[in-house]
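To keep things clear, I will list the structure first and then write my remarks on it.
Think of it as A, B and C in the order they're written, each chain with its own count starting at 1.
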Amino acid sequence: MALNEDRLFPAEPATRAVARRLYAGVKDLPIVSPHGHTDPRWFAENELFPDPAQLLIVPDHYIFRMLASQGVPLEDLGVPRRDGGEVETDGRRIWRRFAENFHLFRGTPSRLWLEHTLETLFGIDERISAANADSLYDRIAAHLAHDDFRPRALFERFNIEAIATTESPLDDLKWHAMIRESGWTGKVVTAYRPDAVVDPEFEGFADNLVRFAELTGCDTGTFAGYLEAHRVRRAFFKSFGATSSDHGHPTATTANLSPVEAETLYRRVVKGEASAADAELFRGQMLTEMAKMSLDDGLVLQIHPGSVRNHSPALFQRFGRDKGADIPSRTDYVRALKPLLDAVGFEPGLTVVVFTLDETTYARELAPLAGVYPCLRLGPPWWFFDSPEGMKRFRESATETAGFYNTVGFNDDTRAFPSIPARHDVARRVDCAYLAELVTSHRLDEDEAHEVAHDLAYRLAKEAYRL
Amino acid sequence: MALNEDRLFPAEPATRAVARRLYAGVKDLPIVSPHGHTDPRWFAENELFPDPAQLLIVPDHYIFRMLASQGVPLEDLGVPRRDGGEVETDGRRIWRRFAENFHLFRGTPSRLWLEHTLETLFGIDERISAANADSLYDRIAAHLAHDDFRPRALFERFNIEAIATTESPLDDLKWHAMIRESGWTGKVVTAYRPDAVVDPEFEGFADNLVRFAELTGCDTGTFAGYLEAHRVRRAFFKSFGATSSDHGHPTATTANLSPVEAETLYRRVVKGEASAADAELFRGQMLTEMAKMSLDDGLVLQIHPGSVRNHSPALFQRFGRDKGADIPSRTDYVRALKPLLDAVGFEPGLTVVVFTLDETTYARELAPLAGVYPCLRLGPPWWFFDSPEGMKRFRESATETAGFYNTVGFNDDTRAFPSIPARHDVARRVDCAYLAELVTSHRLDEDEAHEVAHDLAYRLAKEAYRL
Amino acid sequence: MALNEDRLFPAEPATRAVARRLYAGVKDLPIVSPHGHTDPRWFAENELFPDPAQLLIVPDHYIFRMLASQGVPLEDLGVPRRDGGEVETDGRRIWRRFAENFHLFRGTPSRLWLEHTLETLFGIDERISAANADSLYDRIAAHLAHDDFRPRALFERFNIEAIATTESPLDDLKWHAMIRESGWTGKVVTAYRPDAVVDPEFEGFADNLVRFAELTGCDTGTFAGYLEAHRVRRAFFKSFGATSSDHGHPTATTANLSPVEAETLYRRVVKGEASAADAELFRGQMLTEMAKMSLDDGLVLQIHPGSVRNHSPALFQRFGRDKGADIPSRTDYVRALKPLLDAVGFEPGLTVVVFTLDETTYARELAPLAGVYPCLRLGPPWWFFDSPEGMKRFRESATETAGFYNTVGFNDDTRAFPSIPARHDVARRVDCAYLAELVTSHRLDEDEAHEVAHDLAYRLAKEAYRL
């Protein structure tokens, strides 16, 4: 379907007119993408993307999980197996399987993102179907062969002012170094995501600690040395532009142990003797430690809790992490964040951005907490909730208590590079729609709504993340 | 109030116009009712319904619970007492009590269903009140005396293509046999609801097991024999058209014990030595066992968890089960369903339909799970949520992650036979209203919305339940 | 911004027209305020309010918490410190800090309330800003110097038919006595809020019990004597017009212990030996005891559970209670209320009004419970949810199961006296908007909607609270 200029706006004409005016003021603002998972290698090497399926289907778990849920084997969609077993490599056949099942995406944000991408990048405004699968594939493939579809060209065409990738402390940041050395001026920064050396239950944790010591020259045998290794590595990440750390824990648990307790706990962790409760406590302690380091180095602390990762062991064993089998679960914040907030909640200059996969906490816990602690900001709707209805519920639930200025604008949080403009566009439209309803119900004047729209689309992300 | 043609459609004219067009395409589709609680005896004996109160008030817990909540004793509404004590038997007096309190139903789905029934079945388009109570009673009673108000005539007038009742394994299905023998061609099938022999906390569980053994000729003294009894009885139910089993457990807990563990647990259960935790574990184990049997016999597994049954002991003691005193509670699915999903989640041909009384799980747990496991489908909004706002919240919460095609259309799930067309009509209208909003906000093309409306009203239920 | 006549009404013109007509019928109804926290001293002494900041900013935790969350120290907003340390006393400077940050309140109910207050009380229809801060301050201050801005004059101008304050059993009710003796006819009644002598974890609990004994002449050394002290004090409160008790517990836990168990528990409590579990159990037991006393004296029992009070120890130590640092948490009702409901749930004449800070319970637990137990009524959206979106969600979630007549109209529940008309106005508008949508979607006739609007704005509160 051709993109309609009024998509995602309220149907009521007066409200739609306000939404249009608000959107006109923000649609061309540069993209600030302070948190996401694009691959820095793309920008470093600036190679052509291989084919339409490898660009649009294979790396997008939103898309392949929907197909899989209706019985299409992931192998047939080209998702690589951990054992190197055979999977589909013919991009055209992968694309056809997707196109034949395009009706499955009715009502989903994937559909919105994809159609936006096809029309704005490739000039395709037909609805995808089995009938046109081959012709669309050919048209996309033809574009991908051109230099103006290389990653850097797309970055510039997308009007990205700054983008953050996410790396492990064990990453050598060579792609970031290569970008810098290339002289290209696109702003691609890293972010410090230490789960691999913070979570005792992470695959290969013991080996990771060894490598962490090697990379930093610190003695990770003691808690003090381990913390020092983080400080060293955070400084290294900062030298590649990092302005934030990021933490993907199963819960929002934080802790603030005494030095002796922390040391004792760390000893169990480092010896591989940590129980599940120890692991949880250690992750919680490390959030508070990271917040304390932020007081010194200014990194924004991001907490992304509440995903039960790798729900299906069969799928995990066959295909590994991040294959769409992570499921949200009920998450508590009121008690979980208390130790961290008691320790540093009122420290000037600290910014903690909290995300959730449990929408019941927006109004009940997160907005009220953000109304007490100056360090706290609410992250935008995340993952399954980064969608028109999800964003609408977020604004309707959080704004009355937290206002707009305890939120931080939009994160696209994506691995799907070509979808970035679509995602920001959806967020801008949904925010303008929400603001338009405040205007027509006389809760906000239109001149104020213009200012808020601009803040939500651009300024808040830039300021909160110090980009 | 006379039924308005646009009821339940959005007020905004352009969206309403789309909703009208969508609804026009589905309003006359046959009714497929794959899960409910009508009494097969009605269709077997095909007797006249006794009086308006016995048809519309006494068997409808939505109605009598509302009156009771405002102080009308259930005895005065003709609800039978377990001890056989006196209750109102005069249908007219019951009807008057209801009519005097009709304002209590403002804003409720019971009001919608009832007015639809009165107008379409009895030609009554007045608002019920104390003033017209007697005249309405007489008009309804006059109709009920005619042959075209017998159960089979109504079944045909309602355009029911297929309906499932729900029976215990201890039921002899004699009414189903009588229907079949009668030569009447109305499709009334049973469903296998084994709570009475699966839940160690069910009233009379020990006696039920004895009866189960007698009926099947299996030795229910061993777990293997007990499972065999289920297989035998499921086959018997299939011979009366059953395409599904159904399980009403307090939680969604599932388990996948080793054979030895299962046998040991069963021994405690059968000896009446099961603790509350044992009972919970046993129910959970049996869900997985039932799923495994479904791999062989193809029955669709329905899980209806999360109701705290018989909340008031006083009410239970006086009036028994299913008297409106069952209260939803918070329900976890992510961890609860894992053992079953680990065991059979990717088995081809298996369909597990999961319901909930905890709406917070639609977006957080159920839609994400349905996006991973090919066997999983989301049941429609259930019980207190089978209502315009409840259905709207379901679509708004579940669609963006699960799409439409991981859902299974509508269930009326009712004991209130005359309300069936009303309930399906409400569901069709609400779905068309939702789809119309997708169309006017340019998230879906109208030709696609027509197809989806048809799928939701008819095809998905028929296919998911294999009817 | 000038108050628009259509504020908070739906934008769709036909629906807006219905909302206008409904609102016209209720906008001038007297205010019945059955639960709140205004200071009876105001009405007793009838002094002028000191200055705009002391009237509008300093006592309003909705306002100062938002400013604090963005880094404005509470000291700079004039919030008194427990240690008597210096805080801002210059009303004008406090007002300026607020005015400079007025954009923070965009989208919040505080903004709506405040603008309503400024325009209707002080004739100010400009948007607050740094630029006009001084001139607005002067205009408000000038008004406050006049006799028609004394508390009693405002009470009358606000058209308050009755208002309840909330006092501890240890309060001597001298301000209420002074009001009565003054001959002024404004109806200001007290309410019995015994947390200080019911919650073993309340500050100064042991001393409170001693004082409780002194005040009542009862022997609080035994449970029987302690209960008698409550009876005595409730009678005293009733003599000052009380029609309700109120209980602010961390959870909704109730208990119904045997007399021996209760006595034993009380002994531990009175000796200061109560564990956290004991304290929880004792609070729960006392809810049931209070309900039983209500059977005799007719007080309406209000339960306000689920707030984690004083979340920040640092803030509590510096500024004390009720400073915006209370955070809602997940709350169970189904199991928690069962002991009380088992004991007295069907007692005629008893009214228990239950509130929640956990919106997930509206549809899942509270509405279904209110549909079973004749004593139960649902309190209006409370605290963070006393807002346009919060009220809308309440109606959309609770009405389909509980109807309108298991709810009790509106509570303003405020310490901010001048905001009372604004709060009732918002509630009336939001209810009319909701009802208008039922009318235009043909779920309710307009004549019925008028009646319901009147009930929600006036009659239900008056009747439920026996005012």
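The rule we apply is simple: contacts are C-beta pairs under 8 Å (C-beta built on N, C-alpha and C of every residue); 3 or more make two chains touch, one makes a residue touch a chain.
Predicted, not measured: the structure shown is a model, and the values here were computed from it.
Trainee: Are the chains arranged, by touching, as a line, ring, star, complete graph, or other?
Mentor: complete
Trainee: With touch defined as above, tell me whether chain B and chain C contact each other through largely the same residue numbers, more than half shared, or through different ones.
Mentor: Different, since most residue numbers here occur in only one copy.
Trainee: Using only Cα atoms, superpose chain A on chain C and state the rotation angle in degrees, rounded to the nearest 5.
Mentor: Angle of rotation between the two copies: 120 degrees.
Trainee: Just how far, in Å, is the C-alpha centre of chain C from the one of chain B?
Mentor: 40
Trainee: Listing for chain B: what residues touch at least two other chains?
Mentor: Those would be 10, 12, 360.
Trainee: Can you tell me which positions in chain B touch chain C when the two form their complex?
Mentor: 1, 3-4, 6-12, 65-66, 68-71, 103-109, 111-112, 127, 308, 311-315, 324-330, 357-360, 384-385, 387-390
Trainee: Under the stated contact criterion, what part of chain C meets chain B in this complex?
Mentor: It comes out as residues 10, 12, 14-15, 332, 334-335, 338, 341-342, 345-346, 348, 360, 363-365, 367-374, 376, 396-397, 399-406, 437-438, 440-445, 448, 451-452.
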